[in-house]
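Both of the next two complexes hold subunit A, though its partner changes from subunit B to subunit C.
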Partner chain A sequence: MSKPKVAVSWNSSCGGCDESIVDLEEKILDVAEAVEFVLWPCAMDFKYEQIEALPDEDITVSLINGAIQNTDQEHVVKLLRRKSKIVIAFGSCACYGGVPSLLNLKNLDDSFRVSYTNSPTVINEQGTVPSADSEDDGHALSLPSVYKSVRKLDDVIDVDYFLPGCPPTASMIASALTALLEGKLPERKSVLASNKSLCSSCSRNDSKPETVSIKNLVRIHEVKADPGLCFLAQGIICMGPATRDGCDYPCIKGNMPCTGCLGPFDRTDQGAKMTGTLGGLLEAGDEEAAKKMADGIVDPAGTFYRYSVAASLLGGKREGEENE
Partner chain B sequence: MSKRITIDPITRLEGHGKIEIFLNDAGDVERAYLQIPEIRGFEKFVEGRPAEEMPQITSRICGVCPGAHHMASTKTLDSLFGVQPTEAARAIRELYYHLHFFEDHILHFYILGGPDFIVGPDADPAERNILGVIGKVGVETGKKVIDIRKRARHMVNEIAGKNVHPVLGLPGGVAKPFPGEQKETLLAFAADAVEFSRFTLDTFNSVVLENKTYLDLILSDTYLHKTYYMGMVDDHSNVEFYDGNVRVIDHDGIEVTQFTPPEYANVIAEHVEPWSYIKFPFLKEIGWKGFVDGKDSGIYRVAPLARLNAAEGMSTPLAQEEYERYFSTLGGKPVHNTLANHWARLVEILYSAEKIKLLSESEELYSPDVRNMDLQTPSEGFGIVEAPRGTLIHHYKTDERGVMTGCNLIVASLGNSAAMCMSIDRAARSLIKGGEVNQGLLNMVEMAFRAYDPCFGCATHSFPGKESFQIHITDPNGKLTGTVVRNGNGKIGIVKQ
Partner chain C sequence: MTSEFKPKIIAFLCNWCSYAGADKAGGQRLECSAEISIVRVMCSGRVDPQFILEAFRKGADGVLVLGCHPGDCHYRNGNIRAMRRMAVLEKLLVQFGIEKERFALDWVAAGESEKFQKISQSMTEAVTRLGPLKLKGYVTR
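Let's turn to the complex of A and B:
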């Protein structure tokens, strides 16, 4: 029997998901033994023509990381969809848009201005900006066009499973690959992680406040965080209550609060869930106290939706928007 | 009939790029372009975010070198809040940073760049990867590489919570003290890291330097450019990664300037081209003269080759010995041969290993005093580190609450962006003659960028589109006349339209 074929592909992403696969360490040799890689651009010289030449659904699984931000990326993920039996949205950018989808809260033209004309170091008297078609010294050159908003993978193709995390941990990846190889994957469309909150496994959960008790919100750099006490009990926003479990809480072990990278639970809006949780904990006696409390959250959108803007009502794909 | 060759994407690097090669009627190269096809807009979307979140947000520019952005950002927060880290915090940060350099450079040597030498520049592309490397050097050595990286990354997890996207940095310090129970593990690792570095240098010596073909390749004009060089130095002008002035030298090794973080915009300016999303930094005083080398052109280079050139030595004894051997073998300072980056990178691995050993033996590392809370009202901050891929500059502006109002990033790989374009152009001109093209030659064009270990994800704060390798041949009107492909066994074929 031939080995299952695996493709790893990246879009608008940072390479951290690929690194996390390498972090399987010696297990990667077992994986290389058990499967046949047909694509992994950052590590291997495999080519696109090879993928196009494969029969449809010939690839057992494509692990696709990164958000979708231009037509080239859309083209590649559509090809991989056609050639794969199973597509896994790999990492929080593919699942929810991730950090790059914070751009959906801004205007793309402003982004170009900041980068190419208004930067303190750019010297650009003609106001040149990169463009889809240009000419240099008689040579016609082209670039892909950038979308006005950043999409999650299932805005563009049908996705079978979701493996969130920024990045998914090596142990989450190992579990998913084991389930795949043993034919034990759950129901299609499942998220391959627990549906509980991070707090459910957090070592600091014993001190988590259950009732209205937070008098002051503080920012992480303003205090020396107690290494044993629930961050919320210290008045520091921790996204644990609104974030899916499964990472083994490394940030909290690093004495920093959860920022929500595994995204929301099933059928939940991460920010709405967190706002609700905070509403039940903040002790704001009168209007002034409530206002002061709200001022303590200097960036609600970026705090509650750090990794999930593209999956939220806030900044998903905009209605009537052109692709290019 | 003039032809155009497209290599898309270039492989074994972080991020996406494509190469366009234009041939004249004789089939010689008229001009080759390295294009970077994307932008992610970090500098814009961080506006409105709390500054203290920047070390974690900017690490998402690159998951391969998250430690570099995390540390540049953390140092920018020190500057923004007018605070110095405690001695313990500084020791922890430096230890963290050398661990990061060590494992990142190893990744490049064995997985990204090394296959070109260890497996061979014109070897079967299907084998020109880490598995091919293991095939050449043996499974035992392969396991040794995996093991040392695993142990380095274990230490990073213990110090910084996470490897990919650490949670260590705060203004004036770090989030937690060094975990005392890890001291023995660290000491044992440090000793083995030094040994592993020497083993890697021995491997490079026997596989590359003792092979005349490879040594000639390194020294050949195909991979040569005379440019300015930039790198961080300590008070004794030794190579430094974490903190120090940035020094620029000219083509003869003479110092042109030294600058501190707030002075960066006096020295560096950036040029924009319509055909790439990447920007092209240059020395402001010399000016942008196009994609040309020489003293009249402001183009400079960064990363291992440049760092060794820009400094006077290494502060650790074994690395210093290797530094001297490097320059005496390659004909003295400065070294202009792009492929020497591979060797320079290994000198830096040894330096980092020695620094890890020194730090692991220091008392400050184990002190619990890791935060200086004397924060001032923020308005503007600057931070520079040497990233594995070159000088990395963060510059933030905030309101009085420390909420971001402006951000400028001169990212490491950007420092080599103009030089990489020139290197690709030169390699293509020198290797492709009379329209003769094969996969080995094309890979040797790719080697011209791969030596820099570029991270185009960082450079445009963006990541890739297509994962294909194909060459389109078009007539002067842009009509497709044929496609060059690599087939299943890695051989090159031409499909005529």
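Let's turn to the complex of A and C:
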């Protein structure tokens, strides 16, 4: 019997998701033994023609990471969808847009200005920015065109499973791959992580006082955080209450608050949930005091939706909207 | 064209004070804005910020939350919690390009039919001036 074929592919991402597969350490050897990699641009040399030549649904599973932001990425993920039995959105950028989708709070021109003209390390006297069609020395050149907003994977293709995390932890990946190879995956469209909040398993949960009431919001770099006490009880924003459980809280163990990378629970908007939770804990008796405390939250959208703008109610793709 | 624009405004009113105030306005036949669609909730503290984001996403041009005056909450402090949450929410909405005037939190007691009338009209005027909300994935296009 031939080995199951696996493709790993990346889009707008940092490489961390690919790295997390390598981080399976010796387990990767078992995986490599059990499967045949047909595509993995980050780690091995393959040609897309080879994928095009495969029969449809020949690949057992495609692990696709990164958000979708240009026509080339759309083309490749559509190809992989056609050639794969199962597509897993791998990591929070593919699941929810991730950090790249923070762009949806700004616009593409701002982003081009920062990257190609205004950055202190860039010299670009002609103000050249990427464009789909250009001419150089009489030669026409076409490049993939960049979308004005960043999309999560299932805005572009049908996705079977979601494995969130920035990146997913080694144990999350190992259990997803084991379930896959043993044919024990849950219902299609499931998120392969708990639907409870991180607080539900966090070791600091018991340290919470009966009612948490925040007098003063502080940021993690401004204080020496108590290594045993719930971060919210210390006035430090921790995304645990609005974030899925399943990572085994490495950040909390490292005395850093959760930044929310496992994303929202089913049918919730991560920022709305965090606004509700955190807002309710602020100690403010009148509107003026409440506004003052709210002003202490630097960049609420960037904090509450660090990994999920493309999956948010206000910043995500709307029904019937085209990718542009 | 803007003069023909009729905004859609969703108003969450608490059962005990604000809804009674709006009801009284109706009983007194006070002329209130017809652009306001009322959703009765048990307490302004029950208004999950997600309701408000859903309303905007589904086409509301403005959202209003009305509760009992501070100190009068039927559940003691639900309105105070709402006030704290909405202070955070307001900042969030602006980051998504939703103008401040499209969202308001205020207090209306059961007897304050005229205050309800005033708020409903001033909110409608403010949102009409802004025109339809264009939420398009990202809004700062």
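In the analysis below, the second predicted complex is superposed on the first by the 302 of 324 C-alpha atoms of A that agree within 3 Å, B and C clash if a C-alpha of one lies under 4 Å from a C-alpha of the other, contacts with A are read in each partner's own complex, and residues count from 1 in each chain.
Throughout what follows, contacts are C-beta pairs under 8 Å (C-beta built on N, C-alpha and C of every residue); 3 or more make two chains touch, one makes a residue touch a chain.
What you are looking at is a predicted structure, and each value in this text was computed from that prediction instead of being measured.
Asks: One more residue to check, A:Ser213. First (subunit B), second (subunit C), both or neither?
Replies: Neither subunit B nor subunit C is touched by A:Ser213.
Asks: With both complexes overlaid on chain A, does A:Ala225 touch subunit B (first), subunit C (second), both or neither?
Replies: first
Asks: Using the superposition on chain A described above, determine whether A:Ser149 touches subunit B (first), subunit C (second), both, or neither.
Replies: second
Asks: Would you check which partner chain A:Thr178 touches, where first means subunit B only, second means subunit C only, and both and neither mean what they say?
Replies: neither
Asks: Just checking: does A:Ser203 make contact with subunit B only, subunit C only, both, or neither of them? Give me first, second, both or neither.
Replies: Neither partner.
Asks: Answer with first, second, both or neither: which of subunit B and subunit C does A:Ala272 touch in the superposed model?
Replies: Only subunit C; A:Ala272 stays clear of subunit B.
Asks: Of subunit B and subunit C, which one touches more of subunit A's residues?
Replies: Touching more residues of subunit A than the other partner does is B.
Asks: Quick one: is A:Lys106 in contact with subunit B, with subunit C, with both, or with neither? Answer first, second, both or neither.
Replies: In the superposition, A:Lys106 touches subunit B and subunit C alike.
Asks: By the touch definition above, which subunit A residues appear in both interfaces, subunit B in one complex and subunit C in the other?
Replies: 103, 105-106, 299, 301-302
Asks: Touching subunit A in the complex: which residues of subunit B?
Replies: Against subunit A, subunit B makes touches at 4, 9, 11-15, 20, 22, 30-31, 33, 35, 37-41, 43-50, 52-53, 56-57, 60-64, 66, 77, 81, 107, 111-112, 125-126, 128-131, 142-143, 146-147, 149-150, 153, 157, 160-168, 170-171, 175-176, 264-265, 268-277, 279, 281, 284, 288, 371, 373, 375, 395, 401-403, 408, 410, 455, 457, 462-470, 478, 485-488, 490.
Asks: For a test of understanding, state which residues of subunit A touch subunit B in their complex under the given definition.
Replies: 9-20, 22-23, 25-26, 28-29, 32, 39, 41-50, 53, 66, 69-70, 72-73, 75-76, 98-100, 102-103, 105-106, 108, 110-112, 114-117, 119-124, 128-131, 134, 136-137, 139-141, 143-144, 146, 166-167, 219-222, 224-225, 227, 250-251, 253-256, 259, 261, 298-299, 301-303, 306
Asks: Provide the residue numbers of subunit C that touch subunit A in the complex, in ascending order.
Replies: Those in contact with subunit A are residues 48-50, 52-54, 56-57, 70, 80-81, 83-93, 95-96, 98, 135-141.
Asks: Enumerate the contact residues on subunit A facing subunit C in the complex.
Replies: 103-107, 148-149, 268-269, 271-273, 275-276, 278-282, 284-287, 290-291, 293-295, 297, 299-302, 304, 312-318, 321
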